[in-house]
Every structure is written in structure tokens, then in C-alpha cells.
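Chain lettering (A, B and C) follows the sequence in which the chains are written, and residue indices restart at 1 in each chain.
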Amino acid sequence: MTNPSLVQINRLGKRFGDGPWVLDGLDLGVERGEFVSFIGPSGCGKSTLLRLIAGLTAPTQGELVVDGMTPANARELMFFVFQDANLLPWKRVAANVELPLLLRGDLAAKRQERVARMLDVVGLSGSADKFPWQLSGGMKMRVSIARALSVAPKILLLDEPFGALDEMTRDKLNEDLLAIRERDPFTGFFVTHSVTEAVFLSTRIVVLSANPGRIATTIHVPFPYPRTAELRETQPFLERLAVTAHALRAVRK
Amino acid sequence: MKTPVRRSLLVLACALAASLLLAGCGDKAAAPAPGGGPALTKVVLQTDWYAQPEHGGFYQALVKGYYRAAGLDVTIEQGGPNAMPGQNIVRGNTQFSIGRSDDLILAASRGIPLVMVGALMQRDPQALIFHPDAAIHGFKDLDGRTVMASPGASWIGFVERKYGVKLSITPLDYGLSRFLANKDLVQQSFITNEPYYLHQQGLDPGVLLLSDAGFSPYRVWYTSRDFIKQHPEVVRAFTEASIRGWSEYLNGEHREADAMIQSLNHSITPEFTTYCVAAMKKYLLVAGDPARGEVIGQIDPVRIEEELKQLTEIGILTQPMQVSDVLDDEFLPAAVRAKARPR
Amino acid sequence: MKRRLQSLIQPALTGVGLIALWYAAIRITRIPRYVLPAPHEILAAVWQEKSVLWTSAMVTARGAILGFLAAVGVGFLIAMVLGFSPRIKRSFYPYILVLQMMPVTILAPVFVLWLGQGLPSIVAITFMIGFFPVVANTTMGFISVDRNLQELFVMCKATRAQEIRYLRIPGAMPYFLTGMKIAGTLAPIGAIVGDFLAGSAHNGVGGIGYMTIVYFSQLRTPALFATGLVACLLGFIFVGGVNWLHWRLLHTWHESRVTAE
């Protein structure tokens, strides 16, 4: 039986060694084209869940299927944007962006072309020759996103990528991320502490409770794409914000 | 901005003052005033290496009581690779020491007030050893060879100059493993020592005695100019008793002296001692050549004069020096003292 | 500009003060010239012995450079092997430590027996003295790769060889260069010690270590100090060279160079 979900999670559990269970009994199905945010209190395992989907760590229990394969086998479909920009400090911006292409064996000319396009998409064409230490936090994160996009992933996983940035930069990058998704669609998984961010970006918000991490509730965000900055001031948006905030507070007890 | 500089200068000044104070406290007492009566004068002799038969005459004088009979309570201290015998004498830690006449001349030329008073060896026991099939029959054959020797040693300059040869010197490690492993290596050694151990390893080396090249320092015992001035009778007593000890060690029975040497230096065996004494006799090291009027203990001023000239010629001695700057032979018994005077 | 001037003037003033103290000390203690000569006597000896000192500095420099290159090159390779496999590291690291702890005076005759005296043994001894900091630091560098960067490479499906080439080796560079700096300060010392133990001299001139023995045995103390001065200079030039290399290789990207700007 073909499974329509792109990512299917069944009774997923995770513990490290003999430690406490970080995640316990998760069931989740994510369709192609969705944008799912994970929020919850500290220790709820949302980052761990993201890393399980990415195949950076293995489940202790249960099943995790990505496009019909194990996450490790599905790596070509995915890319990860880390909490820290995670750039190679000894390489310039262009070289950092082309890294995944270089490692998978693309030829130089093709790499150059792709890198130029990605830098254009994130608005950093003028910074191709700079070194990471010369960039601001926001710029570094954009390089990281450009790098992730260079392989045209079907699934993009982002682990609190904008957490270290100020609110204005964060809002702007949120808008840019959605704009990119408009042109080159991907299924998104996003971990954040910011309720506003979750509501703005997502089709669905999964709220996790802690100790162990379980899905407490799921909130749908039905606004159509493309979403613009003005959306944040509308009444329906504020309503979704309130619902989500309430769900989060409930889980914190 | 200036304060840290001033402060660091002050710290430096204090540190220097402290170290000077400590350095000044190093003056040990000299030998006690020569007493009349039964009290023996304490005297320390420092040898130039660990106890060995090459020091035999002194141990003989000690165990046979010749020093005691002369009113001296002698202690023999062993030397070694990093001992600074000259310094010990100048500081008053010791009263006599053993060394080579050319080293003493050099020290005196630098202002160290040391004076030689008697010789334990008329001929320098240093020799070059080489493998028998190294095709070396004379000093001329050393040209271009690698020689393990003391860097800067006087004989090197002398031999190179006299025979017109060029040597490649590598620092002496006082061992024999390199010599055994390398057939082309020539090594500076003592004729009384290394050949014996090589023979035990199955190798009888060829030998070139350095004194045969024409550069033959004495092995002497020496003291400071001040000590001679203050205690001439001690110098005389020590010299006479030492000559007596050497004479007996060479020609008489010396089992007790050997026993003492062996107890101080466990690497000395009776067999080695036999070899050593035989070598001393064979090469006329201690007694010298009677045909030239050489006698145990003698230091000939004419030879010292010659040595000064040689050292100047090879450029090691850069100060003009007189024989009287380095030698005082009046403490030798009349029968031992050389007849001819220089100039 | 003013700060530059200050950083030159202050040491210069201190230097003048130290020299004045030196003269005062000699005057007050009346220390013999053959123990501590006066500064002008040392400079006179430098001038007098200048051709000998130059030759001996060249001999030592040659040994130091070759030994340094050996320590850095071989050290890097050893570190790569150790960093590559934890099992190999655990098996061999203790023995590398033993080699490091073994006094050079014991190893020197062994080298000479194998390699002969002169340059080969001097290089071997210099290598022994300098290789361990390179190995220790570089191994650390290979192992301490940022965990996040490692995961990045996992996401890129990089092979082990790719990870080593594109992540571990560049990532180890700052550590390697730190080890190289330490080896650079040790190399001149190693060459001088090597010269002392296994050197070789022609026409009475050997490396700095050799000339030290000569001047010492001949009680030519001003020349001895002059040799020391030359050894210091050699050390400074060497360390300066390695520091320049450090700057050159790292300044484009590493914080240690960036914050120094």
C-alpha cells in the first residue's frame, strides 16, 4: 500500500543510552508541501525529533519513514539548517555554499552557476568573496540557507535558525524563507521558541509536552501562501497566535 | 607610562643585589694556619677524574702514611666530567689539584692565579687510537680523517699545523661504542685506558702517542699563588711526599693503594690496574726518559718555555707569559729539579 | 604612531638600564673576566670571531631548518594516523610519549651509530626534540572537530576521505600551526644540543654547540658569550619566520589572527 505521507512517524520513541525517554510514542504524518513547526517547553525533544527525521540520530523505538525510506537513505532529499550558521570559517561564502555540491561530485561550472543563483535568492550576491567572520549573524544564517537550498532539497529541516537574531531581522528572514519556498517548493520542518514565527511560517503547528516528549496538540494554520508581512497584523493571525500561546501555556504546567 | 618601567628596573636592581650578596658568601675557609706541634694540617687534593691507577702515587703516599709523616692530613677528592678544579682552588675549597700543564697555562693567561709545583707524569698519556687496518702509520696519515676528540683541545691545532693536515672533529663522548662500530673513526684516548677495554672486546687498536708529535704537556699537581705565599712549607711537604708515593707506586709494592682505588671506583679491576701500570712504565709516562735527565716529579722550565711558544704559535695562548707565571719548582727536591734554566 | 614609538622606547630604555646594572655588578663584585665579561668585551669578541660565528650559525641553522621540517612533516603524518583511528591512537600514543620523555643524551649515540656524526644525526636529534608538540597539538586538532560541522558533512553524505580532506585537515590547521610554533622555538635549541652531542667540525669550526665547547675549554669567555648571543639571534629569526608563516596561513579566517588586527 503506497503511503501518501512524505514523512510518516509511528510510535516513535527515543532515549540516549540508559537515560530518560526524550520522546515517547509519537505518531505523525506529514504530507508533501506542508510546513510543520514544532514548539514546546525546553526538554520536550523538539530538536531531537528534527534530528531523527534528518537521520542524524536513530530511533530507539518505533518507525520513521521518509518518502518510503529510512532517513539515512533519504538523505539526498533533505538538508538541514543548524541553529548556528555552521559555516566553514576557512572558506569564503561562495565556497561554503557550494560545499554540498562539491561533496556530491558536481562539476565546477555547474557548481558556480548554482551558487550564484542561490546567493542571489538570499540576497548575498555581493558577499560571495567574504569570509564568515566578516558577516553579521543574519548574513551568516542566509549563507547557511543558501547552502541548504543549493541541493534543491525536497525536505528542509531548520533547527531554531533565527533564534540568535533580533526580531526585525528574524521577521525579514521569515518572509524571505517563505518567498524562497514559493519559487522552489519544499516540505518544511521547523523548530522554534517563537510563537509568532511558528504561526507565520507554518501550515501546521505541533505542540509537544516535556518529560517525556509527546504530542500534546496540533494547531492548523489555514492562511494561504504567499504570506506577507501585513498578515501579522490581521485579526485571524492574532487569533491563531492566542490559540497557540494558550496551548503552549497548557503544556508548560 | 613611565611607572611600570621604573618599577621593573627597581625589581631588577633588588634581584641583582640579592644575588650578589649570596655570591659573596661563598668564600670557604682556607687550610688552617700551619701549626707547630702535633696538629696535622688539613689538605685537600682534587684529582682530575674518578679514582684510577693514573693517580696511584697519591693513594700510595696516603695509605703508607707519607703525608701524615710530613705533617699533612690529606683528603683525596675525586674529580669528574664537570668538576671545576681550578675554581675550587681559587675559592679555597681545595688546596691542590691535578691537571695538564697546557690547561694550567691557559687558565693562568685568563687571570686565574694557578701555579704548578710538581709533575706526576713526564709525558702526556693522551693518544689517538684507530683500527689496525685504517692505514695510519704516522700523524700525516690523519689528513681528512674524522677524529672524536675534545673540541678546542691544544693538540689538534698543534698537529694540524705541524703536519699540515686537516681533521674533521666530532665531540668526544667518552665511550667506545662508536669506535667499535666505525672502522674509520680515530679517537682521542688515554694510552693507559681505552686500549685495555678494546682488547677485551677483541680489538687491539693502533696507537699514536700525542707526545710523539712533539707536543707533550706534563700532568702536574698545582695550587694557587696565594697558597704558595701563605703556606710554602705545606707545598713542600706535599710535593715531597707525593714524589715518594709515586716512586714507590711505580717501582714498589702497591697493593694497598690499589685496594683503596678499587674501593672508591668499582670499575677498576686488578687486571686493569696491572695493565695500566705496565703501560705507564712502557711508555715512560711517569718516570720520563732518564737519557734526558727526566725524573719522577720534575717540571723542566725549558720544556714549559717551549710549551708557551707552541701554544702561542697555534693561537691558543694570546697573552705574553713567563715561565715564572705558571711554574714554581723550588719545592721539588734538589735531586729532582731540572738543572738547566731557560734563557 | 605614538604607541609604536612607546613599544620601541620602553624595551630600549630597559635594555640600557640592564647594561648599566651589568657594568655596575662587574665593578662591585670584581667578578673575574673569565666568569662574566663586560658587554663591550662580548661585542668585541663578536667582531673578532665574526667569520667563525657566521659559519657556525649557518651550520646550526641548516640543522635546525631540516630538523624543523622533519618534525613538522613527519609529525603531521603521525598525527593524521593517530587522529584517523582511535584504536591506533590508544595503541601507539604511550610509545610516542616514551620517545618524548627519553633524554636526548641517551638517544644521541644511537643516532650517531646509525646515521654517522654531523648533519644527519643533528637533524635526527632536532627532530626528536621538536616533533612531539606537533603530534600532540595536531592530533588534538584532528579529533576536536566541531560536532555541528561533522553533522553538516553527514547531511552532505560525505565519505570518510572527504571528511578528512575538507573538514578535519583544514580544521586541524590552527592546532597544527600552534604545534609548529612550539617546534620552531625548540628547533634551534635541538640543533645546538645535537651539535654538542653529535656534531662535526672542519678547520676548527663547527656548529654553535661545538664552538661552545671549544670556547669553554679554552676559557675564552667573551667568545663564549658571543656564541650565546648568536644563538639567541638565530632563535629569534627562526621564531619570527614561523610566526610569519602562522600569520600567512591563518590570517584570512581565524579568530586568533583576526582579534590581533
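The rule is simple: a residue touches a chain if its C-beta (ideal position, glycine included) is under 8 Å from a C-beta of that chain, and two chains touch if they have at least 3 such contacts.
Because the structure is predicted, anything quoted here is derived from the model rather than measured.
The minimal number of chain-to-chain contact steps leading from chain A to chain B is 2. With centres taken as mean CA coordinates, the chain nearest to the overall protein centre is C. This structure's chain pair with the greatest number of C-beta contacts is B-C. Taking each chain's centre as the mean of its CA atoms, A is the chain most distant from chain B.
In terms of their C-alpha centroids, the spacing between chain A and chain B amounts to 86 Å. With each centre defined as the average position of its C-alpha atoms, the distance from chain B to chain C rounds to 38 Å. With centres set at the average Cα position, the gap from chain A to chain C is 50 Å.
Partner chain C is touched in their complex by these residues of chain B: 1, 5, 8-9, 12-13, 16, 20, 23-24, 106-107, 109-112, 146, 150-153, 156-157, 160, 166, 168-171, 173, 175, 177-178, 181-182, 316. On the chain A side of its complex with chain C, the touching residues are 54-56, 75-76, 78-80, 82, 84, 86, 88-91, 99-100, 102-104, 131-133.
Residue ranges on chain C touching chain A, taken from their complex, read 146, 148-149, 151-158, 162, 166-167, 170, 173, 252-255, 258. Interface of chain C with chain B (complex): residues 6, 10, 13-14, 17-18, 21, 25, 28-29, 31-34, 108-109, 112-113, 116-118, 196-204, 206, 210-211, 213-219, 221.
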